[in-house]
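Below: a set of structures, written as C-alpha cells.
In the two assemblies presented below, subunit A is common to both, partnered first by subunit B and then by subunit C.
And now, the complex of A and B:
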C-alpha cells in the first residue's frame, strides 16, 4: 500500500519537476516581457535533442557513462543561447505590437523549430539508450525508484531555490522585478531594458532547454514532443497564476501529482481532471493561486 | 479550381524535384512492342511529419530501393519508373493531393497511405477517380469493421488488429498460468481496437482471464512513470502494450527502471516497428514482441531480404522496419500485374486490366510471398517471438520466431471480427 502510494507520488513529482522548469521559463518571460512564449515547448525539444547529441559525443569519446549528466546539462544549457538569438533577432521587433503578433511570431517559431529538429536529427525517435539506468535504483518505503528521477527532482528543486535567490536577493533580480512591475519607471531610473530583455529571455529559454535535456535519459525524443508540453505548461501557469514563479512551482506540483493520482485511481480522468482544475481556478480565482503578476 | 501562388510553388517544387531525381541514371530500356517509351508515373503518398514520420520514411525507402533496382533492369516492360511523391497529412489535404496526382501529374497508379484516418477517406475517392490505389498500411475499416466490402479500385492493407490477434494466439503458448491482464495503448482507434481484439482472443483460450486495468494515454505522451505506477498497483500477471512508436521505447525504459517485468509478463504487439531502439540494457528477455509483417533478422529470410537489409544498413545505418515491406510489395505487385495483363493484351494494359490482374496476384516481396486477396486486402505473414539478448546487435531480437499467416489470423472477407473470433474451434 505505502509502496503504491510512493510510486504514484514519485511519478507525479518527477513529471512536475520537468514541468516546473518549462513553466518557470514561460513565467519569467511573461512576467518581464509580457510575451506568452508558445515556443517554450520547442526549446524543451531542442534541449532534449542537444542533450542526446552531447551525451553521444561524450560517451563516444571515452567519457565514463556515470558522468553523463555533465555533458547532458552542459548541452542543455548551451543550446539555451538560442534564446539570445531569437530575442535579438526577432522578438525585439514586436514588443510594441499587439499581443496577437507576439503569439503568431512564437507560434511560427514552434513550427520552424520542429522542422529544424527534423532536419538536424531526422524524424526517428532518438534516445540516450540505457544510460537512464546507470545510477541504479533506490528503495523508498518498499517502492523502487530510479535514482536518476531523484537527481532530476533534486536539480529542479535547486533551480527553483536558485531562481528564488536570484529574484529576491540579487541586484539583477531586483531589476527584473522592477521591470516586471513598471517598465517605464525602471527605464526612467536608468535601466537598459534591451539588456534586461535579452538576459531574461535567454534565461527563460535555458530553463526550458535544460528541462528537455534532463528529462531525456528517462524517455525518448520526438520532434513534436514540445507541442504536447505546451498544453500542460499552459495549465500550470493558469493554475499557478500568470507571471508568478511560486505559481509555476505550485502549479507544476498540482498538475504532476493530480495527473499521477488520476491515472492510478480512474485513468479516464487523466487529462480531464487537470482541465477541471483550470476551469475552477479561472472561475473562482482568475488570477491563479499566486496571480499577483510579479516575476 | 483557381491556381493560387502557393499551389504553383508546390507544383514548381515537385517539377524541380522530379527533374533532379526522376531518372537516376536509367539505362533507357528497350520498350516492349505496344508499350510507350515514356516513363510510367507512379504517385506515392508518404507521411513526412509528426509521430508517424519514421514509418512514412521507411515506406519511401523501400519504394526507392525497388525503383533503383527495377530501373537498372530496364523498368516495367521497358518503361522507366518515375515517382511523384506527395505528403500524407490530414484526410482533407491528402485527398486533395491524391486528386492532384491523378489530374495533374497523370500517374498510372497511386501507392501509399498509412493512417487509417486518412485512408478511410481515400477509399471512396479512389473509387470515384477510377485509378488504382494500393495502400501501404491503411485500411478502410471503421474500428474493426470493413466499410468497403467490394471496392473496384482500392486495395487495402492488412487489418490493423491482426497483430493483436496473433499476440492473443501466442500468449497462452508462451505464458502459462496467466489469470489477470492489464492493457496500455494509445488513445485513438488503433489502441482501442487492438485491446478489444486481444481481449476477445485471449478469452477464447483462457475463459476465466480477468482484465484488471486499461490505460489509454494520448498519442505523443513521453512520460509513463505514473502509468507504470498504476500498473504496479493493479499487479497483473501480464501487460499487453500496442505502442508502435517512440512511446514503445519510452515505456520499456521506464518499466525497466522500476523492474516492472520482474513481476509480470509482457506482450508488445507492434513495438518491433522500432526494434533497433529497444536496447538490451533496458529490454528484458522473455517478452513477446511483434515485428508486424517483416522481420529483418529472419535466418530463413530470402536472398532478397538479406540484400535489402545490407543495403539499408549501408545507406541509413539502421535496420529496416516492416513498413519497407508493405511498400515494396505494393509497387512490386503493380509491376507484376502490368506484366501479367500485357501477356494477354499485347500492349500496355488499361487501368481496369491492371486492377483485374492485381486481384489474387502473388509476388515475391522482401518478407517472402505476399498477395492480394480477391476482395483487395493484403495477405502476408506476421512475425512475433520471444525477446532474446543472444545476437550481435545492441538491441533485442526474437527467438523462437513465430510466423503466422493472415490466412488464419485475419477475418475472412465479409465477416464481422468479434463474431469470427467467437466462432473459432479451440
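And now, the complex of A and C:
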C-alpha cells in the first residue's frame, strides 16, 4: 500500500519536475514579453530529439554510458539557442501587435517545428535505448524508484532555486522584473529592451528544450509530444497564475501529482480532471491559485 | 460596387463546378463548404465582436459527433433532421460555456475556450464505450432531400446530391449571417469590439451580446461540423483537438478577418493549398506555418486585405 502510494507520488513528482521546466520558460516569456508562447511544447519536443541524437553520438563514439546525462543536458541546452533565432527572426516584428497575432505567430511556430522534427528525425518514435536504468533503482519506503528520476527531480529543484536567485539577487534579474512590471519606465531608465527580450526568450526556450531532453530517457520521443505537452504546461501556468515563477512550481506539482493519482485510481479522469480544475481556477481566481501577477 | 458581380460569377462557377471538373476536385469543395459555415460563425466572434476562441473545435466536434450518433446509434438518417439536432446540441453546450467565457476577453477568453475544448476532447478520447475512443465513430451516409440515393456510389453521391445539399446550407448560412451583421445587433457587436466602455454607456449589455454572438458562432460551427463528417464517413476526437481550433483561426486570418467574405476565401484557399502542397511535399505544416507567420507579420489583413486595399487593418494593441 505505502509502496504503491510512493510509486504514484514519485511518478507524479518526476512529471512535475519536467513540467516545471517547460512552464517556467512559458512564465518567463509571458511575464516579460506578454506573449503566450504556444511553441514552448515544440521546443520541448526539439530538446527531446536533440537529446537522443546527442546521447547516440556520445555512446557511439565510445563515451561511457554512465555519463550519458552530460551530452543529454548539453544537447538540450544547446538547441535552446534556436530561441534566439526565433526571437530575432520572427517575434520581434510583432511586439506592438494585438496579442491575438502574437499567439498566432507562436501557433505558426508549432506547425513549422512539428514538421522540422519529422524532416530531421522521421516520424517513428525514438528513444535512448536502455539507458534509463543506467544508474540503477533506489528503494524508498518499499517502492523502487529509478535513480535517474531522482536526479531529474534534483536538477529541476536546483534550476528552480537558480531561477529564484537569478530573478531576485542579480542585476539581470532586477532588469527582467523591471521590464515585466513597467516596460516604458525600464526603457526610460536606459534598459535596452531588444537585449532583454532576446535573452529572456532564449532563456525561456532553453528551459523548455532542457525539459524535453531530461524527460526522454524515461519515455519515447514522438513528433506530437510537443502539442500534447503544451496543453499540460498551459494547465500548469493557469493553475499557478500567469507570469509567476512560484506559480509554475506549485502548479507543476499540482498537475503532475494529480495526474499521476488520477491515472492510478480512475484512468478515464486523467486529463479531464486537470482541465476541470483549470476551468474552475480561471473562473474563480483568474490570477491563479498562487498568483502574483508578474515574474 | 464590384461585389455583386464577383458574387454572381463565383456562385455560378460553384454551381456548375461538379459538372466540369474531375470528381476529386469537386469532393475537395465539400470540406470548403463545411468550413465555410464554421468560419462564418467564427468570424462573428473574431472579426465582429473581437473575441478569439481557441476552443472552437469543441462545437465542430459536437456537430460531427451528433451526426455520427444519430446515424449509427439512433437510426436517424435524414440530414434535414441531423443539422437542427447538431445546432441544438451546440446551443445547449454553448449556453453555459459561453456564459462563463464571455466574462473574460483577450488571452483569458482564449485560454478558457481552449480548456473547455480540451475537456470535450478528453471526454471523446477516454470514454471509449460512449464515443469509440481514439478510433471515433462511423458516420453513415445520410439521406438528403428525402431520398436515400441508393443507386449512387460514394463518389457520385458526394459530388451530386451531397454537393448541392452542402451548397444550399452554405448559401442559407451566408444569407442569415449577412442579415445578422447588418442588423442593429451586428452593429452593437462591432461597437463592443471597438469600444466596450462606450457600448456599455449607450445601454448595450456587453456580456449579453457577447454571449449571443458566442452561441450563434457555436451553432454555425456545429452545422459545419455535421457537414464535415459524411464525406470522410468517420468522426474522431482530433476534430475537437486544440490544433484544429488553431487551424480554424488560421483559415480566418488567411482569408481576412476584417471582411465578410474573407473567411470563406480563407477556407477555400486553405483546403486547396493544403491539397496542392501535400501532393508535392509531405511536410505541409512547415509550409503552412511559414505562410501563417508571413500573414501575421506582413499581411495581417489576409488575402482580402491584399485585394481590397482599403487602408491598413487595425491590428495593434488597444
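Definition applied: the second predicted complex is superposed on the first by the 295 of 295 C-alpha atoms of A that agree within 3 Å, B and C clash if a C-alpha of one lies under 4 Å from a C-alpha of the other, contacts with A are read in each partner's own complex, and residues count from 1 in each chain.
One rule holds in what follows: a contact is a pair of C-beta atoms (placed from the backbone, for glycine too) under 8 Å apart; a residue touches a chain by one contact, two chains touch by 3 or more.
Predicted model only: the values in this text are computed from it and were never measured.
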item: Contacts of A:227 with subunit B and subunit C, given as first, second, both or neither; value: both
item: Which superposed partner A:101 touches (first subunit B, second subunit C, both, neither); value: second
item: Partner chain in contact with A:271 - subunit B first, subunit C second, else both or neither; value: both
item: First (subunit B), second (subunit C), both or neither touched by A:184; value: neither
item: Partner chain(s) touched by A:259 [first = subunit B, second = subunit C, both, neither]; value: first
item: First (subunit B), second (subunit C), both or neither touched by A:124; value: first
item: Touched partner set for A:14, first subunit B, second subunit C, both or neither; value: first
item: Doubly contacted residues of subunit A, that is, touched by subunit B and again by subunit C; value: 114, 118, 227, 267, 270-271
item: Touching residues on subunit A, where the partner in the complex is subunit B; value: 3-4, 7-8, 10-12, 14-15, 18, 114, 118, 123-125, 127, 129-130, 132-133, 137, 143-146, 148-149, 215, 218-225, 227-228, 259-260, 263-264, 267, 270-271
item: Complex contact set, residues of subunit A against subunit C; value: 36, 38, 90, 93-94, 96-101, 103-105, 107-116, 118-119, 227, 231, 234-235, 238, 242, 267-272, 275-276, 278-279, 282-283, 286
item: In the complex with subunit A, residue positions of subunit B that touch it; value: 48-51, 53-54, 57, 213-218, 220-223, 225-230, 232-233, 245-247, 249-250, 253-254, 256-259, 274, 277, 279-282, 318, 394
item: Complex contact set, residues of subunit C against subunit A; value: 52, 54, 100, 103-104, 106-108, 110-112, 114-116, 118-119, 122-123, 126-127, 242-243, 246, 249-250, 253, 283-286, 288-290, 292-293, 296-297, 300, 315-318
